[in-house]
Amino acid sequence: MDATPCRVTVYNEFVHEQKNEDVRRLYPDGIHGAIGQYLSGDGFAVRYATLDMPEHGLTDEVLADTDVLIWWGHVAHHKVSDAVVDRVQSRILNGMGLIVLHSGHLSKIFRRMMGTSCGLCWREAAERERLWVVNPNHEITAGLGRYIELPNAEMYGEQFDIPEPDELLFISWFEGGEVFRSGCVWHRGRGRIFYFRPGHETYPVYHNQDILRVIANGCRWARFRGNTQTFGIEVCPNITEPLEPIEDKGIVFAQIDHPTA
Amino acid sequence: MDATPCRVTVYNEFVHEQKNEDVRRLYPDGIHGAIGQYLSGDGFAVRYATLDMPEHGLTDEVLADTDVLIWWGHVAHHKVSDAVVDRVQSRILNGMGLIVLHSGHLSKIFRRMMGTSCGLCWREAAERERLWVVNPNHEITAGLGRYIELPNAEMYGEQFDIPEPDELLFISWFEGGEVFRSGCVWHRGRGRIFYFRPGHETYPVYHNQDILRVIANGCRWARFRGNTQTFGIEVCPNITEPLEPIEDKGIVFAQIDHPTA
Amino acid sequence: MDATPCRVTVYNEFVHEQKNEDVRRLYPDGIHGAIGQYLSGDGFAVRYATLDMPEHGLTDEVLADTDVLIWWGHVAHHKVSDAVVDRVQSRILNGMGLIVLHSGHLSKIFRRMMGTSCGLCWREAAERERLWVVNPNHEITAGLGRYIELPNAEMYGEQFDIPEPDELLFISWFEGGEVFRSGCVWHRGRGRIFYFRPGHETYPVYHNQDILRVIANGCRWARFRGNTQTFGIEVCPNITEPLEPIEDKGIVFAQIDHPTA
Amino acid sequence: MDATPCRVTVYNEFVHEQKNEDVRRLYPDGIHGAIGQYLSGDGFAVRYATLDMPEHGLTDEVLADTDVLIWWGHVAHHKVSDAVVDRVQSRILNGMGLIVLHSGHLSKIFRRMMGTSCGLCWREAAERERLWVVNPNHEITAGLGRYIELPNAEMYGEQFDIPEPDELLFISWFEGGEVFRSGCVWHRGRGRIFYFRPGHETYPVYHNQDILRVIANGCRWARFRGNTQTFGIEVCPNITEPLEPIEDKGIVFAQIDHPTA
């Protein structure tokens, strides 16, 4: 199953890089390019999608050909079409992995998958961040030391309004006094979701080798390896034939109109 | 805190009872009436809401005055307005409890809170159901025996497409050969959510004393008792003043447009 | 159910206070006394147990009369008798709550309940600690602000070798650069367990009103409110009479010796 | 990392097969042999361990050379030495996977890892069992249909006294009316644990290809792929050098005896 390369699509709204020279200097090929180049070098089959492409580059064909979708967005969440969000959600429930980075916490797709507001508090003051590994069992933390240190970071602080993670992987310490659950995983339907906090358009976070390694680990982890036969993913089939005999109790059922799912 | 009565609003789409005589005979005051009468007798302050009321009876004023919302719907999920769903979600994240019954698994509000399709498989064949208590720690199972038995039930079968429950309380055995996770709880934001499977408009399930007791236990459990001071519930405040001194590293930040949450 | 006072037994190994004058000055009535006096004032029925009492004060009679047991130990974990640990574990599985404080992470009873080593890293340098509320839903965090600040604390750092908590309530930030999961809850059998990090014999942590309030909230939360009818807690009954008819398939079973549980 | 074969040690107490001809006819090479032969054919490097071998075949050398340990026991749990249990627990916390089968629920090692009694109820009546896949995301359920059906099985019924599983994979339906959480996973320290219910010495369950496939999937899943750098697994190092400067507050610490872990 793992013999073929894992197909990753990197979505970036790609707004800051086109408007702001400082950001462009940090990410001349866009944030998506910085991430994608690392992944290509690590054996992934990489494709890009940006907000201004038709259907944001996330057509049915692209999604069907994607094992893991990485999402970076910040100022243009509201410009993402609801139809595309519906389609991405459906594809996740059917087995595509999703990795949400940094300010993607407020993206439509992340809030859709979580069911919560995904709020937090923040500060932009170039402060030191240290991401502590709190789960040594998980493959996403493989190959790291006890923590990752970033010299300058935007702060994200608790309370982070998310469902209790299935597993908590990283907790951040910030110079200014806050903490944050910076690496969290959930499964939804057949799909796997990884939220990873680091990143900001004004810091070279996506050039840090530990951060890139975690993203690559995340892609390996998020690739589908489950069961394709279960019912219940977006369908509600009527199983009229029971597996076991049901006693005839002589009950006449009311004729009820049924909903169409 | 628990000295004042718990305020419960019972929402019922109230369609079957008005269209179908068999259902009306079972529930002459509506499904909401059957549930509400039990809860009133158990000390709750009960209010009703139905689909055909203005704003489905779920105005800002009603929600602000509601500790726990019970939801029953089946054929008219699509008629519930998105604006009301937004409002209910917001109120849950801020501390209102939600109890979703039976076919409410496909309601807009439940799918919104879960982030999944909430699909399952089903059969209507008046079969025996036995709900086994698998969590003896939880207050929702207090006062019950080892299981609840229902002589006739619509079957709901796995795979039920929900997030892994925070705690699993009941598993159903069905005469026809299936199983189902029939009692599940989650917390989201400041709110608590309980999904409870039993019920169908064509069976007298909401006259069963054990089922009603579980619903009442669920209301007691779902009432808010948490923390009101945390940020992050639907807001993303900028905390410009750090708690600790941050070293001035001489970095000039790019001027970036920020998103409005 | 909650009308009668919650009965709390505070266990303290009570070694430091008898040997060290500095500690005695901080806790003239022992750490157990400081905690117990607050709880008494908050309506709890309090009893004490110390290492040097017969059976460490934790006889069958005392445990049977205890709703919640608080555990503080540090240098004398190895002196606690295994028979008492067995007894306490059994009582927890049958519904007694357990609150483990600070250095109790290495106590026999906590390691028994967790199944892990409960290791961590630490430093004693009178550093500032800030405990952030990360779960606004839980009754243990009720009445607090966004965080609790302690001016001087022993540091405990990750990785903390515990099972993934059922719910994570507090994360600590430390002046020296570490983080820690400082408030965690689990349920085991019919019992509830709360680990709460703060405290050290050389700091006046158990005179801090927020810390004491959390301990009191913990006692209220940990009191049993579940189901007493389930089997499976320490027993494996043979249910020879099935609830449903089983087809006779003519199989002759081998006569096998069965284990005695 | 996965290029080398996964090294599996199959422990079987190996008592029934030597005492009882009916069992021997079903498992002429022992239950361990039936499982091991399938695993060998699936590319695993298999080794065996039995109760009557020195140190039950579970020496330090064997454990150091084991990625995943499978455990089958029934009538001789009490004959397993506590020293071996200590050693196996330590190896699990440091990254070895553990798969516990059927009556192994009462083994010392499983109860040690869980912290609970692991009780349940049971019946031996050759009844039909159907194991439903409730988690389509997990690699342990890969390649299966919607359920596995066993024509004759010993019944295990709820309430099963275990910690809430990290993920629930299978729920069993039994002909006689009970249900059971038959496939559960947890992580502890760096290790992964999978409990899988099916099996009994008097039924040919370990010749069923779906059951064997699940065990093989379990081994693949349980193999270590995490982080080796974290502290906290069985150790409590004193980190005297802080990562950040700590303000000197002029506090003189009491000289306290420290515990030896």
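Note that the chains are named A, B, C and D in the order they appear, and that numbering of residues resets to 1 at the start of each chain.
Just so we're on the same page, contacts are C-beta pairs under 8 Å (C-beta built on N, C-alpha and C of every residue); 3 or more make two chains touch, one makes a residue touch a chain.
What you see is a predicted model; the values in this text were computed from it and never measured.
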Chains in contact with subunit B and also with subunit C, listed by label, are A, D
To the nearest 5 degrees, please report the angle of the rotation taking subunit A's Cα atoms onto subunit B.
180
Taking the mean of the CA coordinates per chain, how far is subunit C from subunit D in Å?
27
Interchain centroid distance [CA atoms averaged], subunit B/subunit D, Å
36
Residues of subunit B engaged with two or more neighbouring chains
130, 133, 135-136, 146, 157-160, 164, 166-167, 175, 177-178, 187, 189, 230-233, 243-244
Counting only contacts in the complex, subunit C reaches subunit A at residues 130, 132-136, 146, 157-160, 164, 167-168, 171-174, 177-179, 181
Subunit A partner contacts - residues on subunit D that touch it in the complex
2, 130, 133, 135-139, 141-146, 166-167, 175, 187, 189-192, 225-233, 243-244
Subunit C contact footprint on subunit D (complex, rising order)
16, 19-23, 74-77, 89, 93, 103, 106, 112-117, 119-128, 151-152, 155, 157-161, 163-164, 166, 175-178, 186-189, 201-202, 230-240, 242-244, 246-247, 249, 251, 253-259, 261
